[in-house]
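Pasting the structures here.
The following pair of complexes shares a single chain, chain A, combined with chain B in the former and chain C in the latter.
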Partner chain A sequence: QNILTVCFSVGYSVVALNHVIDFKEKKQEIIKPVSPSELFPSLPIVQGTSKRIKVLTRLTLIVSDPSHCNLLRSTSANIRLYDIIAVFPKTEKLFHIACTTLDVDLVCINVTEKLPFYFRRPPVNMAIDRGIYFELLYTPAIKDSTMRRYTISNAISLMQICKGKNIVISSAAERPLELRGPYDVANLGLLFGLSEGEAKAAVSTNCRATMLHGETRKSACGVVYTVKKPRKVEEEETVPACKKAKTQA
Partner chain B sequence: MVRFKNRYVLCEVVSEDPRCRQCIEDRALGLAVRDAITRVHGDYGLACCSISFTVKYLNAYTGTVLLRCRKDSYRLLCSALPFVRYLESRAQRYPCFLNTLHVGGTIRTCQKFLIQYNRTQLLRLLQNCTNEEERQCIQKSLLSCSLTEEQSQSGDEEEDDGTE
Partner chain C sequence: RGPAGRAMAAAAAFERRVVRRAAEHHYLRVRLELSDGGARPNAPQFKQLVVTALRELHGEVGAALPVDVLTYEEKTLSAILRVISSGLVKLWSALTLLGFYQNRRCAFRVLQTSPFLLALSGNSRELVL
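And then the complex of A and B:
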């Protein structure tokens, strides 16, 4: 809860709480997501605008075996309750499957160890066409020097294949001090090889697109997002940033 | 006209420990930033950034910091700022992080931004106010903040709220 308070004070308008599921243990059940209203009796207001902050829920599946993917296809009721679904593939085949056929919103890219596989262009291009985003974490880079090297090398190899499109940078912060402000995260994107416009998009517009993709998945058809346009002045609705943070167990 | 162009980076020190803010010193902060640059960009980065690197303004009550660097190397500086993890002063380590607010070419633009930012912060505090006296105090300071033409470095004319 502390993390969320710091998030809001720094200037994020939408936060997603992550729940990680690892398939190494035998019995894993998808539990219901923590409802955000349990954490905050009333959500505070975004700095600068007069809208309330949104807290979304997100599920990350660490898959190392193709049979784990069946969980996604099963119509378990609890999966539908999550707003965003992300998958963390460990092998090349799974990466290919995740980009092409799996019904997810985000594909996480490992930053804590050397990638066991190289990225190839066809699955990456298919993922971009389908609207799936690749996610990079930045908190390991802040904590540890060897992680920093792996993060940068993995990120740059991803950039070379996908040309900087469809990237989302997020934190896996476990403590409030591991969080960084949106402008700082966009600057980190520069280190990862993104251009300045792409880095800012990685924090703002790409995240919003992921949110909408999640809503699309829930409603099983397209989403038309309407914005009220007053007659004289054209207003653009922008969501400054979207972040993901680990829930406090 | 040949002159050296600088970039002024406005940051805010965010920390959980309330004692951290009172002990911020400009030298300690400068050292912490230089250390972060060395860790991220190495010797080359440190040398590039420290050509004209100083801490120009420091406000211990609100945790506002203004750093100056050359225009050619401000990207190196900005990309290394997220890696500052703690401030060290008087043999005590305070975990904290720097939140970049604004990058400007002159001190005056940074000042203008800071006044607007502080105004929004005061508004936010106004909402969380429980005490009637505090409300009056904050409202008065909101109405009175402005950019005056003083030569002194203190610049922004807001009241400091000690209840941060």
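And then the complex of A and C:
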């Protein structure tokens, strides 16, 4: 709760609370997310505007085996309660599967150790076409200098393949002092090799697009994919909203 | 600093100066947040902290970047730093990624940044709406 208070004072307008599930341990069940209204009876107002801050819930799945992905396809009721779903692939095959067929909003890129696989252009381009964003974390870089090197090297190799598109930078802060303001994070994007506009988008427009992608995923769930019409509606719903976000940002 | 180019308005009583060069220095207003308890750094220690942050991220070349601490208040731990414009990204990223001061967790919050010192005097974020 402390962390959220600091978030608001630093200037963020939407925060997502993450819940991590690691499949290596047995008997992992997806529990219901903590509802934000339990934490704050009334959310404070964003700096400079008169709207209230939004708190979303997010699920991260650490997959190291293709059988773990079956969970995403099963219509478990609890998965749908989360606003954003992210997957953390550990092998190249899983990265390919996540970019091409899995129904997620974010693909997390490991920053704490050397990547066991190299990025290749085809799956990354397919992910960009599908509207999936790649996520980089910056809090390990604050804690340890070895992690700093891995963060920057993994980020640079990702940039070379995806040319700076579809990147989201987020923090995995566990304490309020590990959080950094939005402009500071956008500056870190410059270190990773993004251009200035792309770096600011990594903190603002791309995050909003991820949220909208999550919403369309929720609404279109349950429709059989062989019919093309609902799919088109999904795409159209995302595109104008993104354009609106760009003019507002 | 003299302007690099000058354009005269035709037959008028005023003169228009066009500065083509970008500003030489950038100014940053920062605040250091420390976990409670323990000694607060005084001015030389603060400068040492900034140089250490630069050295940790950008090495000796980064630590040699000309950074000046223009003002420092020990009570609120806030300061105004001046850096050469080409070094702004390096300094800002080094301050963002600094995690520890004397084995205590700390965080640098950059409140304002501007190429003009006068712009740091007003802060639109602290307006009460």
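The criterion applied here is as follows: the second predicted complex is superposed on the first by the 220 of 249 C-alpha atoms of A that agree within 3 Å, B and C clash if a C-alpha of one lies under 4 Å from a C-alpha of the other, contacts with A are read in each partner's own complex, and residues count from 1 in each chain.
Convention: a contact is a pair of C-beta atoms (placed from the backbone, for glycine too) under 8 Å apart; a residue touches a chain by one contact, two chains touch by 3 or more.
Computed from a predicted structure; not experimentally measured.
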**Request:** Based on the superposed arrangement around chain A, label chain B with chain C as either clash or fit.
**Result:** clash
**Message:** Going by the contact rule set out at the top, does A:L191 touch chain B (first), chain C (second), both, or neither?
**Reply:** both
**Request:** Tell me which partner A:I128 touches in the superposition: chain B (first), chain C (second), both or neither.
**Result:** neither
**Message:** Taking the superposition on A as described, I'd like to know which of chain B and chain C A:M147 touches: first, second, both or neither.
**Reply:** neither
**Request:** Have a look at where A:R180 lands relative to chain B and chain C in the superposition and call it first, second, both or neither.
**Result:** both
**Request:** Could you list which residues of chain A make contact with chain B in one structure and with chain C in the other?
**Result:** 10, 47-48, 138, 141-142, 145, 148, 177-181, 183-185, 187-188, 190-191
**Request:** State the interface residues of chain A toward chain B in the complex, per the touch definition above.
**Result:** 2, 6, 9-10, 45, 47-48, 138, 141-142, 145, 148, 176-181, 183-185, 187-188, 190-191
**Request:** Give every residue of chain A touching chain C within the complex, in rising order.
**Result:** 10-11, 47-48, 50, 138, 141-143, 145, 148, 175, 177-181, 183-185, 187-188, 190-191
**Request:** Spell out the residues on chain C that touch chain A in their complex, using ranges where they run on.
**Result:** 33, 35, 56-57, 89, 92-93, 95-99, 105-107, 109-110, 113, 124-125, 127, 129
**Item:** Of all residues in chain B, those that touch chain A in their complex
**Value:** 14-16, 39-40, 75, 78-79, 81-83, 85, 95-101, 120, 124, 127
